[in-house]
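Two complexes are shown next, each including chain A; its partner changes from chain B in the first to chain C in the second.
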Partner chain A sequence: MSFLKVSGLVKHFDEVVAVDGLDLDVEKGEFFALLGPSASGKTTSFRTICGIETPDAGTIELDGADRTHATVRERGIAMVFQTFALYPHLTIRENLAFPLREQRMDRKDIEIRIGEVAELLKLTHTLERKPGTASGGEQQRIAIGRALIRRPELLLLDEPLTNLDAKLRHDTRAEFKRIHRERGITIVFATPDELEALTMGQRIGVLREGRMVQVGTPDELYEAPDNDYVAGMVGSPQMNLLAATRKGSDTVPSVALPFGEFGGGAWQGALARFPVGEALTFGIRPHEIMPVAASSDFDGPTLEAEVHLTEPLGDVVILDLLAGDARLKMVLPEEQAMAYSVGDRLTCGFDLATTHVFAKETGTAIR
Partner chain B sequence: MGGFLPWLMDPKRRGAMLVTPAIVLLFVMNIFPLMWSFGLSFFHYKASSVKPPRFAGLYYYEKVLSDPVVWERFQTTATIVSLSVLTQMVIGFGLALLFAKKFPLRREILMLVLTPMMLSFVAVGVFFKLFYEPTFGVVSYLYRSISGEAMALLATKWGAIAGIVIADAWMWSPFVMLLVLAGLVSVPDYLYEAAEVDRATPWERFKAVTFPYIKGLLLLALLFRTIETFKLFDLVYIITAGGPGASTESIAVYVYRMAFQFFKTSQSSALSYILLFVVIVLTNLYLYFVNRREREA
Partner chain C sequence: MFASRSKSRSVREAGWGRTAICGLVGLIYFSPVLWMVLTAFKTRQDALATPPKLFFTPTLDNFVSVFYRVTESGAQFSTGMSLFFFNSIFIAGMGVLLALILGTMASYGFSRYPLKGNDTYLFVILTTRMLPPIVVIVPIFLMFRITGLSGSYVGIILLYAMFNMAFSVWMMKSFFDELSKDVEDAARLDGAGEFKVFFRICLPQLKAGLAATAVFALILTWNEFLFALLLTGNDTRTVPVAMARAMGGQLGVDWGLLSAIITLFLVPVFIVTYMLQNHLLRGVTFGTVKN
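Moving on, here comes the complex of A and B:
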């Protein structure tokens, strides 16, 4: 039973279509990540879901009830804005207490709640100050506190980590997971960062130009991307996506790449449906490519390449390879990468089972 | 020959040269008369007589401050100031709330609403005097079409005060509106949205989000209009000339009468300096709040 169900949501501003038929299904108690680059419709989706914007089409259901035309108040969804949107003239205490005003709570109960939230978010020592004097991380925690204090059932987080520095971002990720576990609330989290989505989301929805292109667990998205967009978005460094052509016979298809022709992956059966000569995109993750010594008994597909660039990242090194016209990346542990420097030639091998093939025209995965 | 103009326009003295006429004018027209009248307030002197001034010390200050008529005029002024400023604040605030929203022809209507502010006091005074005129004025005409009788608004004390207050508020409400509007449009939209998500009522939203942004500007509008209305002369003089009786004679009109109808030059100078002192105090208060606002921003 889904808790938040969005179907065919459309929202445009004059000529610009911000959300274009969005479908979203979030289970109760789930931590759902909405992954998409800037201007892919994340913020507009959130604003429409919580009622600030009116949708042009589509429905929004909350806990089984149609809430498409309900007011913001009636929906009662809590949201943390990307800009935090703290009230600059109220103290941090008053900011936190603000959502409780309308609930006609006892002054004492309000104090207890503030104490709880301040404790949870380590804000106790800042309560009497104005938000303007708080650091970026504190401001962000105030914004979260303000959303949590009325114990919402659904919390929308709009790029809550974007305005934080790297260290704080890391700590806050853990914080969110803890809050989610302890409070058991349903959280939908928008982010342009695939790492954030992969580490935090129990499920991830990938958004592109206002549409959901794939929903799945982090593993599903990583192992079996539905299209080249998701393949390029999820995983770091990015999956190598190379232009390829369908070759071989009608029944035994193969894929022609600048450095060779291969057949035999999981995609082989499905590829038979495409005519010979069809333009394809071939995908292989940088982690799946490894150097093959001349003496080894590796019998999989290989490619000859030249090291073009190296990017050391501490314990791993990314090697930029040139193979024919194709440029691809390979990730190696540092000690193994030490053997190679720019200009070296090497033989690399990979396992066809880990490769992906997409139709060039539609971007859809063939499998 | 030919040396003088280039000499004059030498960059070293060009700047000084260009401001000299303005300074001379300011000195002759403002500073000298100011000093002179300040001096006269300590002497027995009548501008209409040939007798030379005689030193009087603080005699006229004492006389003015113990004169019950002066206090009556101060009261009249206070009545006009409080009623007029209150009306301007309420109407200006309402207009600002109205114009903070977007609607068709907003810019054009805004321009029209601002025009009274740009007219001269004399023109506005004459308009309203004609509007209030009992036999052919538009106010009386409208009143007659309902009640069948003519209306002489300016014939009673409170009617005359209302007449002045209406004219002054008509002219200066747009000024209050302009200030408040500047505050209203500086409120970021996302704060309203956050307040909506936090399920605040419209009143709470106004209190917590809107009001803090316009509070300082409201105070400035209040002070500025108080100072200006305190000095109000033209409108009163043209519309009622202080009447009926002396019931709308503001302190500024009283000073004028004292100086140019009764030629009590020393006494009117002394009273003027007392007024100036009040205005300086108010102005400093105003500047204090302007500075504080700048520091906060």
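Moving on, here comes the complex of A and C:
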């Protein structure tokens, strides 16, 4: 049964529609990632779910009960802000104690809880200081501590890693997973970073302009994106998305690309519904393209390309290829990539089974 | 914190040349105050001496005669100045306090819950300070006479509160605008009600802003002459008005007495400003430096 159920949520600020009919369904104990670029409505969704903002339309259910018009206090949802939003005039101990004092908890019990949370988040040595003197990572942990100390059933994390440097981000990702495992709370996590979403979310919801575009496990989103937006959003480097046209006969369709015409992918059957000449988007992941030696017996589709740019990333290298008018990326292990330099021509091959075709007009996947 | 640390370093590095120039400029600005304080301790002869005496035997006579005089027959009488000092402190204090309390609350509203036409309301508040007092003094005087507020503490305190309101609303609003709204929302999520958010979360972050606003408003009110001249009575007269009355006399201006009054008049503002100086600097530079 779903723990948090949001249906048709709408929120606008004057003319600007921040959330436009959002549906969200989170299971109890789940670690759910909300993936979307900035201004896609992540923060507004969170603020509306926890009750700071009032929705213009839609319903919010918590644990089966309608909470659309409940007060912030009644919902009891904890949230970690992107800016951390610590109380600058209170010590770290007082910051942690604040939510419990508001619940009129016994002073002794508060101290016990602070001890627990400080231990969990390695804050014990900082308690008497003001948050302004703490490092970025510590401030982050204080913000999490202040959210956890209430023992909420639902925790919303709004881009909690955005304000941290790269190394700290990595550590904190592991930290979140640990907390989730140990505390067993339901976490919804907003992020503009697909890598964070893929590594942390048990399920991911992709948000676009205030609407949910696709919800699924990381594998589902990666293997079968519902549209070109999700295809471009999930996976790094980004999926190659090339302009293509529906060709072939009415019953045996094919896809025409700048470097050839292909037919036979999982999409072929569905493509027959589209008229010849329909504009399409063809997608193939950089990892699925490989160089083909002239002597090999590779019988799949191939393309002739020129190396335009190389981006070495340590163990792998991204090769930027020019094939006719099309530009696409290919990822190779370093030892394999060493054979190519800028200006070289090569033959590449790919497996049609790994390719995706989207209708250009709607962006919807054809399969 | 970083600002003060780097500041002290730059002072140390400034060297003697710059320190000397700063000292000289400071002395020029300070010289009228110095003249006044010295004159307050001079006898009438010393005060009028040309060239002015820098070294003399100090006397407290002027200070005594601020409060007590002796008639030709030898009887001692009170000048009433102690009452006027009390009036100044009480009226300015209450006026500023009232403006600060109401202004801070109003500015929080303007900052956090903007109304339709928010800017218009703010502008309307500002207009109360746009006209020179001399322009509005006549209608205000008539209003005070009709309502019976003329000459009362309540009247002049309300007037000063109104007078300081525009200033405190505008200044405090800019401070509130600088505060992170996320912090307030975090407090709401933690279960705090609106009053707690305002008093426990917002205000403590704005101690510096409150101090700066209070000092500026206090100085303006403390020095105010025109309204006090026309709207206070014998019992509610403030020091600036009393001082003006003490200036004239059959024997010409008594510079020593006048200087003594002004010196005493300086003391309360000096103490308040001194006590709040740390906050003051932060308040004035609030928002201009990101820390």
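In the analysis below, the second predicted complex is superposed on the first by the 367 of 367 C-alpha atoms of A that agree within 3 Å, B and C clash if a C-alpha of one lies under 4 Å from a C-alpha of the other, contacts with A are read in each partner's own complex, and residues count from 1 in each chain.
To be clear about the criterion, a contact is a pair of C-beta atoms (placed from the backbone, for glycine too) under 8 Å apart; a residue touches a chain by one contact, two chains touch by 3 or more.
Since the model is a prediction, treat every value here as computed from it, not as a measurement.
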Chain B and chain C placed together on chain A: clash or fit? clash
Per the contact definition in the header, classify A:M290: touching chain B only (first), chain C only (second), both, or neither. neither
Fill in: Touched partner set for A:F81, first chain B, second chain C, both or neither
both
| said: Between chain B and chain C, whom does A:R146 touch in the aligned arrangement: first, second, both, or neither? | reply: both
Chain A residues contacting chain B in one complex and chain C in the other 47, 50, 52, 72-73, 77-79, 81, 83, 85-89, 98-99, 102, 146, 150
The chain B residues in contact with chain A across the complex are 188, 190-191, 193-201, 204, 208-209, 212-213
Within the complex, chain B is touched by chain A residues 47, 50-52, 72-73, 76-79, 81, 83, 85-90, 94, 98-99, 101-102, 146, 150
So, in the complex, the side of chain C touching chain A is made of residues 1, 180, 182-183, 185-192, 196, 201, 204-205, 291
The residues of chain A that touch chain C in their complex are 47, 50, 52, 72-73, 77-79, 81-83, 85-89, 98-99, 102-103, 132, 146, 150
